[in-house]
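Per-chain numbering from 1; labels A, B and C assigned in written order.
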Amino acid sequence: MIAAIVSVGVLGALLGVIIGVVAKAFAVEVDERIEGVGDLLPGANCGGCGYAGCADFAKAVVGETATPDQCPVCSAEDISNIAGYLGIVAEEKEKMVAVVRCSGNASNTVRSLYNGVRDCRSAVLVAGGAKGCDYGCLGFGSCADACPFGAIEIRDALAIVHPELCVGCENCVAVCPKNLIVMVPASVDVHVYCNSPEKGAAKRKVCKTACIACRKCVKASGEEDHMLVDGFLVKTNYDNPPPTDLVEASACPTTALRLASKHAAGGYEGVSK
Amino acid sequence: MSDTENTPTIQMPDPAKLIVSNSPHIHSGQNIPKIMFTVVAALMPACIAAVLFFGLAAIEVLLLCTVSCVVIEEGWNKLVKRHPTWKDGSAIITGILLGMNLNAGTPWWVCILGGFLAIILGKQLYGGLGYNPFNPVLVARVGLLIGFPEIMTTWDKPELGLMKIDAMTAATPLGLAPGETFFSDVLLGNIGGCLGETSAIALLIGGVILLAFKLIKWEVPLAFLGSVFVITGIAHVVSPETVHSPFIHIFTGGLLLGAFFMATDMVTSPMTRKGALIFGLGCGVITSVIRLWGSYPEGVSFAILFMNALTPLIDRATIKKPFGYIAPAKGEAA
Amino acid sequence: MSDKPRKFKGGVHPNDSKALSATKPIQEAPLLESYKVIMHQNIGGPPELVVKKGDTVKKGDLLAKASGFVSVPLHAPTSGTIKAIDKCAGPTGIHVPAIEITADGEDEWGEAFAPIADWKNTDPATLKQRVWDAGIVGMGGAGFPCHVKLSPPEGKTIDTLILNGAECEPYLTADHRIMLEQAEEVVLGAAILARILGLKTAIIGIENNKPDAIAKLNEVAGKYNVRVQGLPVNYPQGAEKQLIYAITGREVSPGKLPMDVHCVVQNVASAAAVAGAVIKGRPSIERITTVTGKPVVQPGNWKFRIGTPISKALELVGGVSEQPAKLLLGGPMMGIAQNSLDVTVMKNTSGILLISADEVSFYTSEPCIRCGRCVECCPMSILPATISQAVENKRFDWAEELNVMNCIECGSCSYVCPSHRPLNQHFKRAKIEIQAQLRKKK
C-alpha cells in the first residue's frame, strides 16, 4: 500500500518537473496584447470580419493587418476601447443591420404546394421555390440558420430581421438564394420591403404587399429625394434617409413601405388591403 | 386562358392544387412500416415456437417487452417533443427481439428495464431510429447480462405444451459437455435457452422470409454462420471431447437469431455488400473465439456489438469504385 | 465490339405505364391562335432576339439568332405577327422571356433553307452548319445543342455514333412512336450525323420492351449501314453514360464527356429532326410529345409546334378525369414539376405527364435507416445515403469527396428509398454549391 502511494507520488512529481521544464524550454513567445484585444472583442466567432474567429482577428489587429473597426459586431465604444488599448486612432464606423427586402408572408402571397427539403437553397431548385413571386422570400429560414445571434425570425413563412438583435455580421447575406438581404445603416428605420422588378400589376397578382411603384412615398417626401425610383420599384435613399414619419405620411397602399422596428414587432400583420 | 367557351365539358387541372417537388415523382412504394412489419411477421414462427416450448410465461415476457418498448419510446417522444413513431414498427421489433433474448422466467421488472435500456440507451439517446450505432436489443441484453448475471443465465427447461406451471431450470446446450445434446432437440427447439434460442427451424423459416423479401443482405448470415461453422468445425476435429460438433454450434444459442435478425439490423450493419461480408465474417470469428476460449458460453451478442462499432469503418473501407473511376495513379484527379 | 449489350450495375424497374399511349399514332395538333416561344430553350447561351414587337414573320423565319457557339437559333412556329416579347411562365417555375406570336392562319412558309438532297456528297461542315442553323437541340430532355456534340475539339477522335432510342422513362412513348412512324427519317438522320462525324455507321440503342420499333428500324437500317441494338430493360438505360457502357463497354469517367471515350450520343427524335433539316430544309419548330398519365382522358402522342401552351395541349387530349397531384414536363423519374398551365412546349419537351395522387411520391424528412437500397441501385456506384447526410449537415466538401459530382440525377435512389428521403434534391443542391465554390476559387 505505502509502496504504491510512494511510487505513484514519485512518478507524478517526476512528470510534473518534466512538464514544467519542457514548458519553459519550448515556450512560444506570444504578444500578450493579442489576448488583451481578444478579451475586448465580443467572442461570438461569427466570422463577419473575414477572419477565422475572434482570436484570429485579434492577432490581425495587433499585427496591424486589420483595424478594429472591421469587426461588425463591436459597438463604437468597443472599438474605441480596443483602439485605446493599442494606442491607435479608431475610425468612426456606422453600425449596419440586415434587412430582408420582402414582406410577402404566407398570408399575403400566392404559393404552390411544395414538397421537399425545408431549406431555401434546396427549395429554390424546385420551381424556383414554388412562390408566385420569382423574387420573394421563400421562408425556409436558411438565413435564420446562418445567423449566430438569433436575430432573424421566420414568421408566417417570411424572414424578419430584429434590428435590435442584428449586429451586422453579414452571415445571412450570402446564403439567401434570392439575394434579398442587404446591409443598411442601423439609424435608418424606413425601408421598402419588396425586391421585385416586375410590373405593378404582375406583382399584385401574386402578392398583396408588393411595391407597385405608385410613388406616393416619393411625393410625400416633397423636394427631398428620400425615396428613389428604380423601374417598377422604389428604394430608400440611404444617403439621404427619410424620417420615420414618412411611412405615416405616404400611406403606402400595399404597406410595402415599412418601419423595420414595427415590422419586426409584427405591426403590419393583417393590415394589407 | 379564355378557352372554356368552345369546350365547356373539359375538366382541366387546377394549377393551385399541383404539387411541386424535385424528381423523381413516382416511388417504389416501399416504406419503413412495411419493412418493419415484414420483419415482425418473420419473427412470428420463432415466437410461436417459444410459446409452444415455454408456455404462457413466454407470451408474458414477449408482450411485456414489446409493450414497454413502445410505451417508453412514445414517452420519450413526448418528452423531447418529437412526433409519435410507434407506427414505424421499429420499437415493436426491438420489443419482440428483446423478449427473445430473455428467458421465460424473467421477472417483469427486468423486462421493463430491458425495454428502457434498449429504447433510451440503445436508440433514442443517439437521436432515434437510424442514428444508433449499436443494436438496441443487444445493448439491453448485455446491460442486463452484466447487471443481473444470474437472472440472465438461468434458463427454463422447455416442455412441449402451453400450460406449463412449474418452471424447471436447465443449462444451455453450449454449457453442457459434448454428446449430451441431441440434434433433433436442437432443430425443433426442445432445449434450454432464451425464448429466441429454442427452435432452429422456426428461426430458419423467419430467415428465409427475410431473404425472400430482400430485407436483409444474404452476405451477413452466410458469412456469420459459415465462419462459425468452419472455426468450430476445425476445433471439433482437433478436440472432439471438449468441443461440440459444428452443427450444434450453429443451431444452438443465439447464433441463428443473431445471424438472421440482429446482425442484419440495417441501421447498425454496413450498407455495401462487400462490407456485409466482412461484417458477418467478423461476427463469426468473434463468436467462435468467445465460445471456444472465452469465459461466457455464448458470444453472439458481444460479437455483433463489437462489429457494430466497426461498421462506420467497414463502410468507409468498402466504398464502391464510382462508375468510370480511374485510379489517380494514371494522372487523373478523382 | 460485341453484339451482346452489357448490363450496367444497379438501376430500378418502375412500372413503365407505357401502354396508355404506346399504341396511339402521332396526331398533328391543329393550328392555334397564338404561340409563346420561350427564348432560352437550350443548354448554353440564350439566343439573341432579331425580331421586335409588331414584326410580321413567316413560318420558319428566324426569331432569334445564336449568341455564341453553345447556343442555337429560334424559328417562328407559324406565320403571323409578333404580339409581344414579354415574360411567361417557364419550365423551372421562374418567369422567362418569351416571344408571343399571333398566328395569321395562313401558316405560310418563309424563305426556308434549301433542301440538301444529295447529302452523301455534301461537305460535312455544310451539313453541320445546317444542323446548327436549324436550331436542333437534344430532344430527349437535356436540350444540349446538337452541333456542339458534332464538333469534337482538336485531338479528340470519334469512332462511335449512338442514337438513343432507349426511352427508359416510364410513361413516355414519343420516341417509340417516332421510331415506328418515322423510321426512315431516324435512320437517314443517323446516316447524316455519321457523315458529319466522318463515320461509316451508327448504332441505334433501343430497350427490348419495344420489339416493334426494333423490327421496324431493322427493315430500313441496312439501307444506310446503321445497326439496331436491343438493350436490357433497366432504368436509367437511356442515360448517356449507361447507354455508352451497354453498347461499347466503355465507361465515361467522372467529369468527362462521351467524347472522351470517342462516342457521340444523339436522341432519335433529334436524328429525325436532322433529317428534316437537311433533306427538307425544315428548322426545328415542332416536336413529338407524349401527353399521358392516369388522369388524362385520352392519352396520346402529338406533334406540337414549339410554343404551344400546356393548357391547349391538355384540351386536345380531353382534359383530365380527376385533379392530378403533379403536372410534369418530361417523364416521372427526371421530369420537372410545374405549377402553371401557361408553360409552353419547348424543343426538349418529350412528355406532358399528369401524375395522380395515388402514385405520386411524397418526400419526408424521416431519418435514413441505412438499408442500402440506394447504394444497390445507384447506376453511378456512389453512396446516396451517406452523401445525403453530408448535405443535410452542409458538408459539401465531404459530399464532393464521396463523388456527388458523379451523380446523373436519375432518381433511382429516391425511387427506392423506404424513408422517402429527398435524396435527388440533396445531390442537386450539393452539385450547385460545389460548382459555386469552384467558381469562387477561380
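The working rule: a residue touches a chain if its C-beta (ideal position, glycine included) is under 8 Å from a C-beta of that chain, and two chains touch if they have at least 3 such contacts.
Given the structure is predicted, the values throughout are model-derived calculations rather than measurements.
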item: Per-chain CA centroid nearest to the all-protein CA mean; value: C
item: Contact-richer chain pair (by C-beta pairs counted) among A-C and A-B; value: A-C
item: Separation of mean Cα positions, chain C and chain A [Å, integer]; value: 42
item: Distance from the mean Cα position of chain B to that of chain A, given in whole angstrom; value: 49
item: Per-residue overlap in chain A, given as positions that touch at least 2 other chains; value: 112-113, 115-116, 125-127, 130
item: Contacts with two or more other chains, residues of chain B listed in rising order; value: 15, 17-22
item: Touching two or more other chains - residue numbers and ranges from chain C; value: 93, 336-339, 362-363, 422, 425, 428
item: Complex contact set, residues of chain C against chain A; value: 87, 92-95, 336-339, 362-363, 365, 422, 425-426, 428-429, 432-433
item: Chain B-facing residues of chain A, complex; value: 112-116, 125-127, 130
item: Of all residues in chain C, those that touch chain B in their complex; value: 8-9, 12, 14, 93, 170, 241, 245, 251-254, 256, 295, 309, 311-312, 314-315, 318-321, 323-328, 330, 332-342, 354-355, 359-363, 366-373, 375-376, 379-383, 385-386, 402-403, 406, 409, 411-412, 414-420, 422, 424-425, 428
item: Contact footprint of chain C on chain B as seen in their complex; value: 1, 3, 7, 10-15, 17-28, 30-32, 34-35, 127-131, 217, 266-273, 315, 319-326, 332, 334
item: Residues on chain B engaged by chain A in the complex (per definition of touch); value: 15-22
